[in-house]
Amino acid sequence: MAPLLALRDVDARYGPIHALHGVTLTVDEGEIVALLGANGAGKTTTLRAISGTVRRSGTIEFAGTPLGRRGPESVARLGIAHVPEGRGTFSELTVWENLRLGAYVRRGSVRADAARVLQYFPWIESRSSQQAGTLSGGEQQMLALARAVMQRPRLLLLDEPSLGLAPLVVAEIFRIVQELVKNEGTTVLLVEQNARSSLAVSDRAYVLEVGRVAVEGSSAELAENESIRRSYLGY
Amino acid sequence: MRTSLGIRAGVIGLAAVVIAVLPLALSDYNRTQGADVAVFFMAILGLNIVTGYTGQISIGHGAFMAIGGYTTAILTHEHGWNDVATLPISALVGFAAGVVVGLPALRFRGAYLALVTFAVALAVPQIAKNYSGFTGGTEGLQLPQHTGLWLYGAAWLSAAILFVLAWLMLRSRTGRALRAVRDSEVAAASSGVSPAVYKTAAFGVSAAFAAVAGSFYVLTISFVNPDVFGLTLSLYVLIGAVVGGLGSLWGVLVGAAFVQLLPIGLTSSHGLSSQSVPVIFGAIVILVMALVPRGAADLLRVGAALSSRKSQNNSLGLEGR
Amino acid sequence: MAVSQLTRTLVPTIRIRWSAWIVPALLAGGCIFLVVGSIQSSLFAQQTVSGLANGGIYASLAVALVLIYRATEVINFAQGALATFTTFVAWQLLQWGLSYWPTFVLTLAIAFALGVIVELVAIRPVERRGNVLTVVIASIGLLILLEGAVGWIWKPTVRFMPSPFPLHFWHVGGVAFSSQDIGTIGVSIASVVVLWAFFRFTKLGLAMRAAAVRPHAARLVGVRVSWLLSLGWGLAATLGAVAGLLVAPNPSVQLSPSMMDGILIYAFAAAVLGGLESSIGAVVAGLAIGVVLSLLGSYVSWVTPQLQLPAAFVLMLIVLLVKPSGLFGRTTVRKV
């Protein structure tokens, strides 16, 4: 079966800086794939290349459709939700308005979508008119995830969801991600520096180093391989 | 770096020679227009000091020109001063006015500062209209006439002096301090440069330049009244500064020629009705902003970089300003 | 749940600052002053109402400026000229025999289209490579172009523009108010309210607000930010058209190419005074400027017509020195 997402020889640049050098990876439907590596390895850039936020060359195919030179607005309409580094919360708007924006590309009733989302994040209902910027870090991360779920994406790109959060909160977020994959059939590409937790929750993983794929394999194998863990994952 | 400096010096030298020789080929009327270019040259130079180098936007420099112009007018008209002698006074009065505006301006930046300077530009002519006993009101004051050649020579000599002064100031420690304040006030303050002092001083110096420009403006038309220094004047000085290139002295001449000569050139060209001139000028301004956003100085910089590359110098285009 | 308890302890408490109450208090005080004064003196009442009418015009144009500023940080110097152009178009339609209210509606549609076209053709190419100041200069170029175009197409003679409101005086408690003034206040407020409702309740309005505050995040949820920018210019031009149509019949203004110059100045002041990011602020400030100018002119004798403008600006400067980010602006904390 063809993979849901396929990157072949993808290069990306920030002006004169060459950030990705021929990244090749695939994600199958229903999988959780982790993208690991040190700071500056190109993990965030890879997600940005997929969502069209950064200039890239090479081939990116989603459900058989080449993404070409589409920008983020168009990529979102294809069914890819990108939760960026820093969460992308609309701090000045209310929690409810953030959720409504999540459903922007969808037709039909926002309320029906919201009911579904509230099953995963029941606490949102009581805070819906609160200004999103006044939520705590963990709550904002969950709101960002909720926003992405409103979009009913086929592919969810998550950029460092655990950044700056307490371990208890991180565990909760990863639990919700697993539920989403199981119940909604969402596919997830997860970028993380926290290798241990992400290997525990993912099926497969790629390790990036200086803009290239250095290691790939099933998460279970990578977690057991001591030399790989020590050289690439820092533990 | 020496090579690009040499190229710039060459360009300036060439421009200076052309400016010096040009009046011989021009009619008296055209010489007066040449003097007007010098007026804008000085005003834009002043605006560049406060906006380009210190980062404080001002759309009110017409007000400082008005202050300088009225100083000259009142001293010559009411008190019989020699007009050249009024210039240093005009500069001093301008400096004082600049400091007076610069002090409250410390509290504002961006659009807020633009409004404050805008308000000053509007308020000054209105005040002049009101205290007509002192300023001659809307009827205005007459000034002694001068030949086009005298005006041209005096204005460009003054422009040259101010240019050299500006250049010396900006390449000295003061210039570096101003640029530091523009780029990051916090960093400047922690390096021992007081932003408040430098920002206010920049306003003062800049206003002094504009005041001298205003004095010459008044001399070229031999007349002054409040409408001479309307809002349009401030806007044109700003357009000239941006078209010339902010943060660089080398494009000031281009900017001054652009706002002074282009509208006149369009008006006197035969194919165009006079009503269509502002439409074309406005369109050209937009076009210039789309094509050359950093102004003429940027083109000069690119030109210098290209030619120094030819002589195989390692230039990344990072010449010192 | 453990997580909710943990997160709740991390939520920062919101402290109410005393300065947040000063502005509403001052405004309330101002309103009381106006009401009391109007009851006491019929001249005061008349001047207040005509001041509010002028203020309504400043407010409409100020909201248009804020709309564009919020999305791009650019002060659109051509906002008034766009309004002048559309008002002349309306005049032309009337000359061709169309009756008033259809002309009004058609003019608004034309203004919207003109705003969108101007953004696509003149502003976007400049924005691509320039910065805020470059776009501001382009808007000044646009100002020169549009006022020149009006003079070129229609010749710079002053023309008469009919009023949408029939000549009538309302008598309340012995004071005469013109329907022109009342109508102007009503239509200005109504158009601003309609715009507010659009932003607050519609999906498109929400998208525009999102695009203005976080364009990158908005693109990720599928909002076409650049289209919305054109839409914003269209809406701003429409508001300006309303202002132009309301003010042109006024005998002290009249239809001429430079008709909106003075009004733009006060609209700019109202936008800044109101806090640039806030439309409510622009409306309140616009109305306040209108009323203050009107009362200053009638009651303070040393404020001659020539000193009106400087006096108004001195007052504004005082307000800004006390609150540099404007009445309703947020004091932004600059990160080092």
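Labels A, B and C are assigned to the chains in the order they are written; within every chain, residues are numbered from 1.
Following the convention adopted for this analysis, a contact is a pair of C-beta atoms (placed from the backbone, for glycine too) under 8 Å apart; a residue touches a chain by one contact, two chains touch by 3 or more.
These figures come from a predicted structure and were not determined experimentally.
A comparison of C-alpha centroids places C closest to the centre of the full protein. Chain centres computed from CA atoms place B at the largest separation from chain A.
Between chain B and chain C the centroid-to-centroid distance comes to 32 Å (mean Cα coordinates, whole Å). For this pair, chain A with chain C, the centres built from the Cα atoms lie 42 Å apart.
Averaged C-alpha coordinates put the centre of chain A at 53 Å from the centre of chain B. For chain C in complex with chain A, the touching residues are 2-4, 6-7, 10-12, 14, 203, 206-207, 209-210, 213-214, 216-225.
Every residue of chain A that touches chain C in the complex is listed here, in rising order: 51, 53, 71-73, 76-77, 81-82, 84, 88-93, 97, 100-102, 104-105, 123, 134-139, 147, 151, 166, 168-169, 172.
By the touch criterion stated above, chain B contacts chain C in their complex at residues 57, 104, 107-108, 110-112, 114-116, 118-119, 122-123, 126-127, 129-130, 186, 231, 235, 238-239, 242-243, 246, 273, 275-279, 281-286, 289-290, 293.
The touching residues of chain C, when paired with chain B in their complex, are 69, 73, 75, 77, 122, 125-126, 128-131, 133-135, 137-138, 140-149, 151-152, 155-156, 261, 265, 268-269, 272, 276, 304, 306-310, 313, 316-317, 320-321, 324-326, 336.
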